[in-house]
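Each chain gets a letter, A, B and C, in the order it is written, and its residues are counted from 1.
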Amino acid sequence: MVDDKLKKNIFIVNFSRPAERLIEWLLALSASLSILTTLTIVSILLVESYTFFKEVPVLDFLFGTEWKPLYTPRSFGVLPLVAGTFITSLIACLIAMPFGLLTAIYLSQYASKKIRSIIKPLLEILVGIPTVVYGYFALYFITPILKNFIPQLNVFNALSAGIVMGIMIIPVVSSISEDAMSAVPRVLREGAYALGATKLEATFKVVIPAALSGIIASFILAISRAFGETMIVAMAAGSTPVLTLNPLQSVQTMTGYIVQVSLGDTPFGSIGYKTIFAVALLLFLLTLILNIIGKTLVKWRRTTY
Amino acid sequence: MQFPLRSSPQKDSALKNTEPIIKFENFSFYYGKKKVISDVSFPVYKNSITALIGPSGCGKTTVLKSINLLYRENPEARAEGKIIFEGVNILNDKYDVVELRKKIGMVFQKPNPFPGSIYDNVVFGPRIFGVKNRKKLNDICERSLKLAALWDEVKNDLRKSALNLSGGQQQRLCIARTLALEPEVILLDEPASALDPFSTLKIEDLMYQLKNNYTILIVTHNMQQAARISDYVAFLFAGEDMIARLIEFGKSNEVFIKPVKKLTEDYIVGRLG
Amino acid sequence: MEKNNLLVERPIKCRIRYKYILDKAFKEVTLLASIISVLILAFFLGGIFLKGYRWLDWQFLTGVPSRFPEKAGILPALIGSVWLVILTAAFAIPLGIAAAIYLEEYSKKGVLSDLINLNISNLAGVPSIIYGIIGLAVFVRFLAFDRSILSGALTMSLLILPVIIITSQEAIKAVPRDQWEASLALGATKWQTIRHAVLPSAFPGIITGIILALARAIGETAPLITIGALAFIVNIPRTPMDPFTVLPIQIYNWASRPQKEFSEVAAAAIIVLLLLYLILNATAVIFRKKTEKRIR
């Protein structure tokens, strides 16, 4: 059906052929910008890191256990930052994975349409709240509450940053897992019910195994999100690069370190300035690998059923 | 008019047992406000095969899902009237769904093996009813697969994924899975519609074997198949109002040879010719 | 064939009871898990409101940052945020929609368009702070835009472009194609057809995506810190080349100070930020409702 407005418009605005070509070229240019962005990211990280690695051997960077890049005597072992990222992300995952999965189960298996239409937008809002607000939660609410139970807790600590980050990424896990579980064909679930399974049994013995790749994908993408999260850890986890997995202590993550350098007055071109590119390159590669694995799993699930 | 079908003599002998195991009484069904089945009454006799025939969309699947209360998983759906099983109206809310489904198995139109091994599929039912003993599970698995005529093909691959089987094998696996719970009634919803002719014959054969110990209610679109294997036939039809009614019920060798209703005849002939 | 019942019949009844109880309990557990994060959040938001509402007054909205909490205001940060969002929108919206149109309507489905799509979905997953570092190297240093609103907006555009492209693609994909052939049959060119038969229907979906992307831009902090927007700004920015700060950074700044009053001032600024965020989200929800109605 073509309405009159459409008809009129077509005859009024009649482009000539060259204009059509021009438009196509402009559109193509816009699309290619994304490739340019990627190339820029990769080349800048590589070039700046290259000048860094000319001064610091790659192996010293990757496996060194002491991170003291700004004051002499310097040392550039990135492991303490990696440990900081790891411990905060681990705590976040311990919160987000079970809660996210249970939420996905509720939404896909039990909830009525109406309840879904209330809970889902709320979760979406949760994941979009500015992270500086979550950082504030961690620093001014969670840490004081935790201190009541754990007196030796540092003011800045991995635990409360991790917990709040976990709350923030629950929707990442729940929305991808829910998609995967809702995509399990209904006949499969009915097959289980027909054999006398309750919803609980059908969920754990049929739906979850069938949706497993999507669920794992949601976990991996959540980890990636936690690795890259910045403000919560910068505000609540501290800025002490120590090689520890003690969640009660102040730590520093890779992202937290980049913020610290950005806030200071490290001279442009100095070795301290270059460290942020090396750290960023590492972070970029880690999250890229996780994202690729996660997205491949999501796609793979789409083609299996 | 010439009908190429004749019932075989041994089929008649199977009809001596005429005790109904399930009875529909004034059964009606709604999806939301929409009525889809109206006032259906017919019996399902023990240790026999009853075929449910009719054009698509006339509520055959709905009838099957009512017998094992699977329709309850859809909050929109509602049934009225009675379905008597073991002397009780199962539509009564108090009836225990899980116990009922253990006694009434169902095989679906499209094979729906669970992700996991062949073995896991077959012992799914016994496991959720608490059978843990390895030896016992192995016995159940072997017996069910033999009953479903699948044992010889898969006995060396029990640990392999069920999803790698062919369509026909998957469907027989689903039958084995149902048999593992020792049901009294087996509901089959067009079990061969997604399969090649050879697999179809295998499944027909199988039903013939199973009839001695189980009551079978099968939905089929294939009139020849219905005439070949069934003892009784129920013909459902939805008129212009899109509400299905029972047009005819009777012994297969009577209905297929000399239907009482013109509508039944048209349907059967249209399908055959 | 003899039916030998291999199942133990006796315990089945009680086992079933137990199954039902477990099933019911599990349902409640999952429900609880679904709402607990929302409840915790509500608790926090309530806490923040109680902490900060006393500081919310005219002086707070129109004042400039100060060493004294009672004199502190958010005007420069607020104006900075508005500048940033407007400029970001000006860059990212046309580019994003154009790229989406190209990918959905013009590019031949093949290796190249798969590659671009994969690339975009990976860009969407790059941590925001890495965009900040790129912004620092390219816009602040290389193009010498310095620590200006322009640098911030360009950085933010790169960050939200993938989001806008992906959501616009989805919206374009969802448009039913019944008008498409009719329009071509009338002699319309491809672009005219897209312009008049596709884009109007895709519009609400595209807008939804854009608003959500801008909601993200207004709350992003890390990339702006990296490009150096944390100046102690008392002047209202007047041109895109002025140094600037934004609300989230102002919050971060206040929240990092030791005095208790400043943490409360930060809470007040959070209330303002969240209001902006919620308004944008509500608008997106309204547009989405509109899309859903159209498709039905």
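Just so it is clear, a residue touches a chain if its C-beta (ideal position, glycine included) is under 8 Å from a C-beta of that chain, and two chains touch if they have at least 3 such contacts.
On a predicted model such as this, the values are computed, not experimentally measured, just so you know.
K.L.:
In graph terms, with chains as vertices and touches as edges, which category applies: line, ring, star, complete, or other?
P.N.:
Topology of the interface graph: complete, with all chain pairs in contact.
K.L.:
Quick one: point me to the chain whose Cα centre is farthest from that of subunit C.
P.N.:
B
K.L.:
For the pairs B-C and A-C, output the one whose chains share more C-beta pairs in contact.
P.N.:
A-C
K.L.:
What whole-number Å value describes the gap between the mean CA coordinates of subunit A and subunit B?
P.N.:
Between these chains, centre-to-centre, one finds 49 Å.
K.L.:
Quick check: how many Å separate the C-alpha centres of subunit B and subunit C?
P.N.:
Result: the chain centres lie 52 Å from each other.
K.L.:
Which whole number of Å gives the spacing of the CA centres of subunit A and subunit C?
P.N.:
14
K.L.:
Using the touch rule from the top of the page, what residues of subunit B touch 2 or more other chains?
P.N.:
As it turns out, subunit B has residues touching two or more other chains at 98-99, 102, 128-129, 181.
K.L.:
Residues of subunit C touching 2+ other chains?
P.N.:
19-20
K.L.:
Could you say which residues in subunit A touch two or more other chains, in rising order?
P.N.:
Within subunit A, residues 198, 201 contact more than one other chain.
K.L.:
Using the touch definition up top, name the residues of subunit A that touch subunit C in the complex.
P.N.:
Going through subunit A, the ones touching subunit C are 1-2, 6-7, 9-10, 13-15, 17, 19-20, 23-24, 26-35, 37-38, 40-41, 44-45, 48, 98-99, 102-103, 105-107, 109-111, 119, 121-123, 125-126, 128-133, 135-137, 139-141, 167, 170-171, 174, 198-201, 221, 224, 227-231, 234-235, 255, 258-259, 262-263, 268, 276-277, 280, 283-284, 287-288, 291-292, 295.
K.L.:
Across the complex, what residues on subunit B touch subunit C?
P.N.:
Touch list, subunit B to subunit C: 96, 98-99, 102, 126, 128-131, 136, 139-140, 143, 147, 181-182, 209, 212-213.
K.L.:
Using the touch definition from the top, list the residues of subunit C that touch subunit A in their complex.
P.N.:
Touching subunit A: residues 19-20, 22-23, 26-27, 29-31, 33-38, 40-41, 44, 47-48, 51, 94-96, 98-99, 101-103, 106-107, 116, 119-123, 125-130, 132-134, 136-138, 141, 158, 161-162, 165, 178-179, 182-183, 186-192, 195-197, 212, 215-216, 218-222, 225-228, 230, 248-249, 251-252, 255-256, 263, 266-267, 270, 273-274, 277-278, 281, 285 of subunit C.
K.L.:
Mind pulling up the subunit A residues that touch subunit B in the complex?
P.N.:
Interface residues on subunit A, with respect to subunit B: 112, 185, 187-198, 201, 205-206, 209-210, 212.
K.L.:
In the complex of these two chains, what residues of subunit B are touching subunit A?
P.N.:
Where subunit B meets subunit A, its residues are 68, 70, 73, 75, 98-99, 101-102, 105-106, 108-110, 112, 114-116, 124-125, 128-129, 174, 177-178, 181.
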